């Protein structure tokens, strides 16, 4: 079963490759709707991104006994995403969007740990996002009289200002919900953490990127960065609009980073981290400059790779040990060394440290902020980037370092090879992205042309150019490898001499001897200290859940109020009909 | 003359109908309803509608009342005090 | 005085007032009565009122029933037959609904011992 | 081939039912299926024929009564006869499982319910229409009381009372029309309606509104509707939702556009429809009984249809007719599938029904839910997007926002049910679906998907229907007997 | 407690409302002009010579608006079926008890029976000549049975014959409607020769008397069934209570 769907997943990639940018299909649905698929550079980028992710996840699913309908739904999901990114008009886009919504809903419902409340959260936010999208679509239609992207884009300039703003707000709300901007992220964490483990990787790595794709589509293609500039004016070197968006993104990333640090469940941490990373992308996406777009695009790519890697890694560990909390894990470095290395590469990328791809993308984003002179934004981004080291550390320490917190962790074997293959591929990609950042310029330039922005000069595979400066990834990587090999040799020399024959309970603190069930693992309670910092505490204590819960309560109350009318007394119903008649009669006749 | 007859028949019918509505006893109400039917029969005759009059007499007054009376024999006779 | 009462206009006025009075007695009845039988009685009173109204307004002094006989060989100066035909139909339908309603009521009474429509409230949340 | 057969054949069948019954239950069920099949095939034969078609009774139209089939009624005819066919197959299963019921009488009422609904949409004479209204009414009263238990009888009585009020108002309106216009032919009424005194015309319109609106389950007059659904068996619920309510809706808008009331009463009907939608969807959230829940859902969808059909713009109306068709199919699917579950669990409580285990039923129910919510690629999506598009073209953004916001409320309870079906933690009871039901439900689900991915199949007919509804010149000519 | 105080208020409000509606509706209806257009009824009257029924109402009911009457018969049939559906089950539960019957009542009612039935038949057959017709005559026949039942509740109608009469007459009626399509190319066409003799003779009017006779048989048997159900219902109830 797995192999069949592996091949099936391979097909669209080959198909897309075969067309090589010339795909243009239109299929009349009715006399009024025509579904059309057009391959743009932007769409192609996201198409490859999602298709390859699906392929890798399918490889990882080899070791799981999954039913046929699971694969069918997953394939449907990948096709829906393909429809979204290749859509040439909003109807195709919306159809893909909705199929993505419900097929992922059914996939999530296949998890063992899911409950009705989380499912409801997921689907209601997704539908709210979809309805906000369709509202925008029909409003655009009412002026353009077409669903076609190009037609809407052409007639956008002639729309009244308030309609323009309404369109931008509606579309942004829709895509923000998918990407999980703070305030609209209520569904994200529960869903990511309770979905089937491997499917979480798709949710985080690919599906949230559909929101990013939507933002690119709307800001870059439909509205156009020039138009945004004209509509809202400029501040410093960027647009007003971009400034507001940047604050939203930075706030998202800071808050989510702090939330991530305090999580005990591995997947919840990753979910918050995902929100935080998408916050960066949203922060720079609205700048309307070459480097803003390039940074956002690069980070999209890197984040997809990293999140796939981390989620597959965690899924493998959870499948192997049956534990999904930091307080239950630990010390797996000797049992599952390959996984450890993969996770290490992943978090280095996530933290944005050189020499991996994460650094290149962060470099681009910081550059964009410097370029537009958004100093506060830059500070915010740097701050949350620094804070993200903490959860990266928690991730690697909580799972792999320290002592095992339970007996059966000591007998854990290395994860199955099917989990490792995609991780190795992704890690290689990450390394390559860091080594040859210049390759990305080749990918991004057509997209920049599509957005009618100036392109980035290309000067060799290893060189990443930017407005402020440039760096040579190949050089850094070479230097790093040399140092790494040296230090590794050094450590192995020292380590071979050190003896590790201590029992972890051979300590006593405050005169007490710890027992077997005392958790000495560092991952336990890591980050709770953050609550003592006033500023962070204020962030962490606030939650959007109370708002949404009160909304739910209000809905329920309204429902009760209305259902009181339908209490089954036919006599009163008759009287109401007669009174209704009399009222209308007196109003109508006089 | 015809006008007067119509007027008085109407008055009688209205009075009987009021009685039928306001009466607490169901049987009485049904019998008074038969009165309404009978009054209508007279009026239909005056309005030169013998077919309708016959129909009303046989169906509207005769059989309806019979069905009513047969039916209410075993439902509650008095209007329930609320 | 008698002429006044033999006037078609006057007769129509009496008919309108009388039948509408009857109609709204029925209207008041269905709004206030809770016994199923009395509700059905009210419906029938309302229907009767409509029949009187309709047939009455098509009657004019001097017109005769739409039937030819030995004295009257042609169909002239007759009242309109269509309302009569319609009312005939409606009366039969009224009987049908009445019989059905009563049979429902009887069965319901057998099961619950009630025929107060305001207390029929098993069907609710 | 004559339109009269739509009424006459079921009547003949009903009159002869005692003899079918004597020949055994197989003959009875078989003949009912055959009847539905004949009517459906006759309808299919009308597809592609030049419309309108007319079938006269006794004498040429403006004097006599005629059945007229135009594009608008053809769409409804297709829905009704198809629903009848599906339900008659379903009832075969139902009576296999529930022997001892009064099968013969059920088939009488069932077939006459369909015949009455078809009569209402075909007749071009308002008094004749009233007769069919009463036939449909009596069949619905009896069918809702068919169980003969407390709940059934209660719903029967309630329906009967409401039906009587509605019929009195309609009779009054017809009388006033005849007094003013001197005829009951719809063509002549339409021609002369603007000539009558405006105040009296308001009274007439109001009475017709109360009469048909109360039956079509509009807001301040629909407090009875969920009770009726709760008290009757679920196949009958399916019929109420996909046939009977739609027939009243048909008449409502047929008269609305024939009498050219659009300009004067459009806003009013729209607001009433919107309130119906809002109130019912919110009320549905609070339900524990699955039949009541879908009753409210039906009311809500009728609300949308009322909103969209009253707009007088061909785009919106066409979308609304598409939505109506898709809603009929989906609700039929849902009610029939629920009927299987209710039969198994002997209860209609949501908590108990959620315990079933059947992949097939889960899939078809999910398809039905998604279609009603208007999610692609199912047929409900096309209907909803067409409606929204129509509103967008008339720049009625309030309506768009309203529909979308309330749709989220709708999604809450639909997905709560879906989540309940998918919930693995429940104690599951395996439900087997018989082969007949398997075929029926698959057929309905396939139709939903087919109309969703290939809407041109249906939009052709909805466009015809819209044209016939908004520009009834041909219909009027036939109703007036011009050129016959 | 509070309810009783509220109730009269409700009554007063509703009666005031009814009166107000009454006044305004009457005021409105006073403006009804009945002579704005030529009524379709006058055209029917002019055409009535062709249908050759002396009673114009009958020709309207059975011919000009004949399909209404098919519907009407159907409504009655449905109501009968509904009543039977509702009240039939109880008849099965207790039906052995015999109530004493009075000989005099029994004999007297049997004597009257034939007279009443004869009257009913007369009304049916003369439907196209004088007031009355199938519905009225049918109900008169049913009242004869009502009398019989009241006198002797043990009396049993032969359901076979009633059903036969009902089904056959109904089916024939529908066939008459359909035959019109083949003979006259119009449903419910008056395909029988008319006018044969002078207007006012018994055999005149084409299908009109035929239709009314069929309707009479059908309504008569249906109404007898309804009456039987209601009487027996009553009777069994008493017996079961005892």
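Per-chain numbering from 1; labels A, B, C, D and E assigned in written order.
Methods note: contacts are C-beta pairs under 8 Å (C-beta built on N, C-alpha and C of every residue); 3 or more make two chains touch, one makes a residue touch a chain.
Everything quoted here is computed from the prediction, not taken from an experiment.
> Moving only from a chain to one it touches, give the least number of moves from chain B to chain D.
Steps on the shortest route: 2.
> In terms of CA centres, which chain lies closest to the overall middle?
Closest to the centre of all protein C-alpha atoms: chain D.
> Please tell me whether A-E or A-C has the greater number of C-beta pairs in contact.
By the number of C-beta pairs in contact, the winner is A-C.
> Among the chains, which has its CA centre at the largest distance from chain D's?
A
> Going by average Cα coordinates, which chain is farthest removed from chain C?
If we average the C-alpha coordinates per chain, A ends up farthest from chain C.
> How many angstrom lie between the centres of chain C and chain D, each centre taken as the mean Cα position?
Chain C and chain D have C-alpha centres separated by 30 Å.
> So what's the Cα centroid distance for chain B and chain E, whole Å?
18
> What whole-Å value do you get for the distance between chain C and chain E if each is reduced to the mean of its CA atoms?
Distance between chain centres: 16 Å.
> Quick one: which residues in chain B touch 2 or more of the other chains?
Those would be 49-51, 55, 59, 63, 67, 71, 74, 82.
> Multi-chain contacts only, two chains or more: what residues does chain C have there?
Chain C, residues with two or more chain partners: 17, 21, 25, 27-28, 30-32, 34, 36, 40, 57-58, 65-67, 78, 82-84, 86, 88-89, 92-93, 95-97, 99-100, 102-107, 110, 117-118, 120, 122-125.
> I need the residues of chain A touching at least two other chains; which ones are they?
Those would be 563, 566, 568-570, 572, 574-575, 578, 585, 589.
> Among the chains present, which pairs are found to touch?
A-C, A-D, A-E, B-C, B-E, C-D, C-E, D-E
> Residues of chain A touching chain C in their complex?
Counting only chain A, the residues touching chain C are 563, 566-572, 574-575, 578.
> Which residues of chain C touch chain A in the complex?
27, 30-31, 34, 117-118, 120-125
> Per the contact definition, I'd like the list of chain B residues that touch chain C in the complex.
Interface residues on the chain B side: 1-4, 6-7, 10-11, 13-14, 17-18, 20-21, 26, 29-30, 33, 36-37, 40, 43-44, 46-52, 55-56, 59-60, 63-64, 67-68, 71-72, 74-76, 79-80, 82.
> Using the touch definition from the top, list the residues of chain B that touch chain E in their complex.
49-51, 53-55, 58-59, 62-63, 66-67, 70-71, 73-74, 82
> Spell out the part of chain D that touches chain E in their complex, as residue ranges.
Touch residues, chain D against chain E: 2, 4, 7-8, 11-12, 14-16, 18-19, 55-59, 62-65, 102, 105, 108-109, 112, 119, 125, 127-128, 131-132, 134-135, 138-139, 141-142, 145-146, 148, 176, 178-185, 192, 195-197, 199-200, 203.
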